[in-house]
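The structures considered in this document are given below.
Two complexes, one shared chain (chain A), two partners (chain B, chain C).
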Partner chain A sequence: MDMQVPKKKLGLKERYTLMTRDLAWDTTYQPKEKVYPYADYEGIKIHDWDKWEDPFRLTMDAYWKYQAEKERKLYAIIDAYSQSNGHLGVTDARYLNAIKIFLTAVTPLEYMAHRGFAHVGRAFPGAGARVACQMQAIDEMRHAQTQIHSLSNYNKYYNGFHDAPHMFDRVWYLSVPKSFFDDAITAGPFEFIVSIGFSFEYVLTNLLFVPFVSGAAYNGDMGTMTFGFSAQSDEARHMTLGLECIKFILEQDPANLPIVQRWIDKWCWRGVRLLSIVAMMMDYMLPKRVMSWKEAWEIYFEENGGALFKDLARYGIKMPACAEQIRQEKEHLSHQVWSAFYNYSGATDFHTWMPTEEEMQWLSQKYPDTFDQHYRPRFEFWREQQQKGNRFYNKTLPMLCQTCQIPMLFTEPGDPTKICYRERDYKGSKYHFCSDHCQHIFDNEPEKYVQAWLPVHQIYQGNCFPEGSDPTAPGFDPLAAVLEHYRLNAGRDNGDFEGSEDQRNFEAWRGMAKRND
Partner chain B sequence: MQIDLRTVSIKPQRQTYGHIERRFGDKPASRYQEGTFDLQPSANFHYRPTWDPDREIFDAARTALKMQDWYAFKDPRQYYYGAWTLARARQQDTAESNFDFVESRNLGALLPEDVRQLALDLLLPLRHVAWGANMNNASVCAYGYGTAITQPCMFHAMDNLAIAQYLTRIGLLLGDPGALATAKEHWLYAADWQGLRRVVEDSLVVQDWFELFIAQNLVLDGLVYPLFYKTLVEDALSLRGGTAVAMLTQFMTEWYAETAKWVDAQIKTACAESPENAALVRGWIAAWQSRALDALTPLAQRALGERAGAALDDLATQFAARVAKCGVPA
Partner chain C sequence: MQVAAVKEYAGTPRDGVENFHGNQLLYIGWDDHLMFCAPLAFPFPPTLRFGDIVEKVLPGAYGYHPDWARIDWSKVEWLKSGQPWTPHFNRTLAENGLGHKDVLRFRTPGLTGIQGSCS
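Right, the complex of A and B next:
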């Protein structure tokens, strides 16, 4: 019998190389510039893609095996949760408004990430980087769909969940997340990976993900909690990819540093502005609080992020300049944003309310230097007015920041009694900004930001009414027309939580489930 | 006997999301429907891509094909991420036990030497063909229009990667890393592979994403898979004692049968939309088909010797029948 010569066992790294980048070759019938047309125009210099270190070594067979196991468990729980009317177990129906925001503002971003990573998963000339990005592309699709599927059962019983994709393209406050991601995906592939892969996934994701998922866990929402926990190991992979990208780009050429630093500065600020909605969610919308926004910012940005930037200092990367302003704003952010949404609650797909006395005490305790002094009196006044039947709704459209698209609601650094306004003339038009940082972002790329689709401008230009509307007709109600265009059911989806259909139904159904009358 | 378990029953306000209801009515929707339809943003984009400043982020004009409703491109398999992953994990289980079977019984070493060599020579360069397919499907997902067709293309891209990886494992099982290196040399320099490499590289620069879908998923795969996995592996090699190779490529054979149904449904939908679309599709198929067949000729001769001519004729005939069945005008 022949002696079988035992084969030399390949090392993990060697084997993974054969499974991925060894599949690629340098094309000769078509020039590199045509095969990878988007690789050079941002000015990032990559000399050797072979230096790319694979952040994880996952072949497709292993990927399917792990992911299928996770999917099986996740959908079993979603089914059980729906079947047992799990929604009646949440702390109180106010909580549901937090996940309405999640479905309309965050889930569409998961979808955009799916497409964006498909784009860079094709565009990068390095094979190792492409494979890692492609895996993230399908993971992001997973996240969008598991969220849609988990929240589908809430949509059956509660208002405001019903038209997320339509609203994402139109509703005023959703232009904040939409423009954020549109900005990233319209940038070149390297800026995309720095913005989403690094700044968002690595530096800021804990401030999005942890509050929502822990919020769900604290408030009895097993559906949201489960997709959150199930996404955790995907997120861990995405974070290592983001970090590897930054290190790789910086190690390739010293000329890359100033470009990358500018992107990090820009995207940290863009990200933090986007997260202002999470700040409000944490401090005002969770009946059972996890921690305050300020505490979350201190742990996840000031401590963890601080350590990260120390680590990156050897490449010459500095902590973004905006960090100081954010440190000051953490005392004010959630209160100012909640006030704005309380004002404009007539035009949102979720409800707002004034905190109870007990909740105000929690806020005073968490924000001892600012809440009682600047926000409690305003909130008590509004509560008083509401009790008299004068619930305040602001019907005047706000001015928006040209960059982040948030209404001009933030105060001057150092003076919480004065709204911060900046303006800039560019080619004969005036543009407005909420902050120095948003203005700097505009100044760096004015031709990009003048294109912004600003919802308030669009409403005034008559572009947000149902087709066939005649704004000159007697009795034309512009607000009602805009809500109809949004597919928002006035009186059901919007307004104060107190007296809403969601509130009434939840009470009645919970009664049915718990009592025998 | 039916056991009537009871839960507290609350009448829902609505059965599904508004955009799903407008398409399918107010009735319980499938996970495929809720996870797919109208998911792609379609209006009020904020900025033009710096990498394609003449177009919107998602822009129906990136192909010459025109559709009233881009969500007409339904997937008969109804794949959303979960369904796709579960299906592939099951196939992966089978593939794994096939690899185990071949390995544990040392069937690779028992292959007749000429069969083993032919398998290595002809299958291993296909790693690179699958890699091209991976890039092209990522491209369709990135630049295509409407989640109904872009989503399955991303799954397809990952399937292509998996196939390249299974081929790599076959190389390592029947040969060694040197066999992979040799095959890559052939792919890059051997005369009989150059036609196919040229077609693959040309496909990488196609700008119209629906043309790319056709060139890659209908034409190239539609000729490569039947020729290599069916005619060569299942018929020719098996007759010569190479059944073990067929076991190792079972994933590819089953995958091709499954995905061809999806590809055909897309072609059918495109052609049924309008005579203009049908003419476009016909033109794209014709252009890529003749190039692909030419490119495959020397490889078929290597694989099948004097039977190559007849096999290629069969291949062309079967492909023509498939295309006709999809409603592509003659």
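Right, the complex of A and C next:
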């Protein structure tokens, strides 16, 4: 007798359909525009959401399974690392300052990415895109969490790791990553997906993760390396999602092209400005270097990005206009940014220092056209003064760019001896910019950027003192009050690495680990 | 387009002069001296004598640099928003026509920083 045996397993495609699109429905009680109120105002036209393809066809049940497996491995390694005093195996305590930057500047962005993807995962009218964004939202939350768990181990031993979320909302230099992401999540869903999903995750993410994760591997930091690898398979999926989004939007309507191009121009520039901190980390903060910023830029942007934009040319997308300026800046970026953090090392949660002679030779060799001419004399002077007990600290707050919020430290394209100044009058007020590109971003949406929370101006307005302070009281020390508001321990978390508590402790503990006395 | 928004939207500028408790912002940059990584931002009352900035404030900000002591102030060239400009040292900021968030640069001819590197 023939019996119909029910099929036990569904094919991948059927499963994907059942678990994504079949979970969606058309609204009847409310018009669609009211259910998806953010779908149209940016001017992007989508005619058929069913053309959206998730290249991974990932469904929730499979997602939980994979992620749980990765999680188990990650936490086993973190435990082993912390129980075996893994922190004493890093090349040098200077290295940990790079990780402090990661925890205060990058980890909070993972959380912001979670919020952003959760939002667009609700805002897109297409079910396939919604599901993919929801899963990315969970990934981003998980990245924030695993990073905090991996790095909190260092907080037991070293200074500056103690209050990243509080600092992220307050400390002057952290307004750069914070305002970057605030700009993205306050944009519409399509701009968000182009800014973070494509420009950041696809075009620039290698320039963030490879330096930090390889930096960790080169410098004996198993904790950071492990969460990096654990996040890697997610990143591959995120990159594919970002690229898929761009192609889908462009294929839907030719009118979408100029809007998408403007967003790509804007977000590549904003992303590169944000990554200037990674440039300095690579060239100055890793005791064992991976490669120079310039080399990383050439491989990951000029070569890989160049191929990508060639591929997108069939949609009419062009290489962002800022690429030429970035090509020129790659010779200067890390040196200029490190100089700025050296200036203001009294107000950060990490230490700075002058490179040793051997390190300066490496820099000369990696930057033969610029380092010796423009930067070595400054750094040798600073080193000399530091050794005489006259370490340089800039005690006056810097002028900031209205858009990227970075101190106006970048030089004029083509002339590395002059600061680049740009300004614009808008509704009777003056606004200042570090570059033409930051000015153009402002010009496109001035009503957004006039609201920038610029830390220097906020300090001068009296908004960055601990609650209950009286700035008119005799003997009021504004700098000390600002650092207290940041929850920074002045002189302990910051200043020069030479003579710091981190340096002394690391040496002493490593000595104890190797000797019996 | 002033901003992409679902409805009429106007931002409130956060840095209006009324928020600075009687001060206005003035930015000052010393050309060819990149040891100071960026121009500096100062909150000053509009009634401040311009000369007081040069005589009393800037030495604290720039005095660390070996070139500072060598400046010949009779030869210094000033720029306001990138255009040549002449300050009157005995007049106030307001009398000098300096408004909120104006930017000044000064050039010190013959002084080009540490070993001529513009540092």
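One rule holds in what follows: the second predicted complex is superposed on the first by the 506 of 517 C-alpha atoms of A that agree within 3 Å, B and C clash if a C-alpha of one lies under 4 Å from a C-alpha of the other, contacts with A are read in each partner's own complex, and residues count from 1 in each chain.
We adopt the following convention: contacts are C-beta pairs under 8 Å (C-beta built on N, C-alpha and C of every residue); 3 or more make two chains touch, one makes a residue touch a chain.
Everything numeric here is computed off the predicted structure, so don't read it as measured data.
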Touching partner for A:Lys448 - first (chain B), second (chain C), both, neither: both
Chain B versus chain C as contact partner of A:Leu10, first or second or both or neither: first
Most chain A residues touched (candidates chain B, chain C): B
Chain B versus chain C as contact partner of A:Met408, first or second or both or neither: second
Touching partner for A:Ala187 - first (chain B), second (chain C), both, neither: both
Which of chain B and chain C A:Arg378 touches, first, second, both or neither: second
Touching partner for A:Val456 - first (chain B), second (chain C), both, neither: second
Touched partner set for A:Ser469, first chain B, second chain C, both or neither: neither
Touching partner for A:Tyr38 - first (chain B), second (chain C), both, neither: both
Partner chain in contact with A:Gln328 - chain B first, chain C second, else both or neither: neither
Intersection of chain A interface sets (partners chain B, chain C): 37-38, 41, 187-188, 448-449, 451-453, 458
Of chain A, residues touching chain B in the complex: 2, 4, 7-8, 10, 14, 18-19, 22-25, 27-30, 34-35, 37-38, 41, 59-61, 63-65, 67-69, 71-72, 74-75, 83-85, 108, 111-112, 114-115, 118-119, 121-123, 130-131, 134-135, 137-138, 141-142, 144-146, 148-149, 152, 155-159, 161-166, 168-170, 175, 178-179, 182-183, 185-189, 448-449, 451-453, 458, 487, 505, 509, 512-513
Of all residues in chain A, those that touch chain C in their complex: 37-38, 41-42, 187-188, 191, 336, 339-340, 342-344, 373-378, 381-382, 392, 394-400, 407-409, 411, 416-419, 421, 423, 427, 429-432, 444-454, 456-458, 460-462
Residues of chain B defined as touching chain A within the complex: 7-8, 10, 12-19, 31, 34-35, 38-51, 57-58, 80-82, 85-86, 88-90, 92, 95-96, 106, 109, 127-128, 130-131, 134-135, 138-139, 141-143, 147, 150-151, 154-155, 157-159, 161-162, 164-166, 168, 172, 176-177, 180, 184, 187-188, 197-198, 201-202, 204-205
Complex interface listing, chain C residues touching chain A: 1-6, 9-16, 19-21, 23, 25, 27, 29, 31-32, 34-43, 60-61, 64, 81-82, 99-103, 105, 113-119
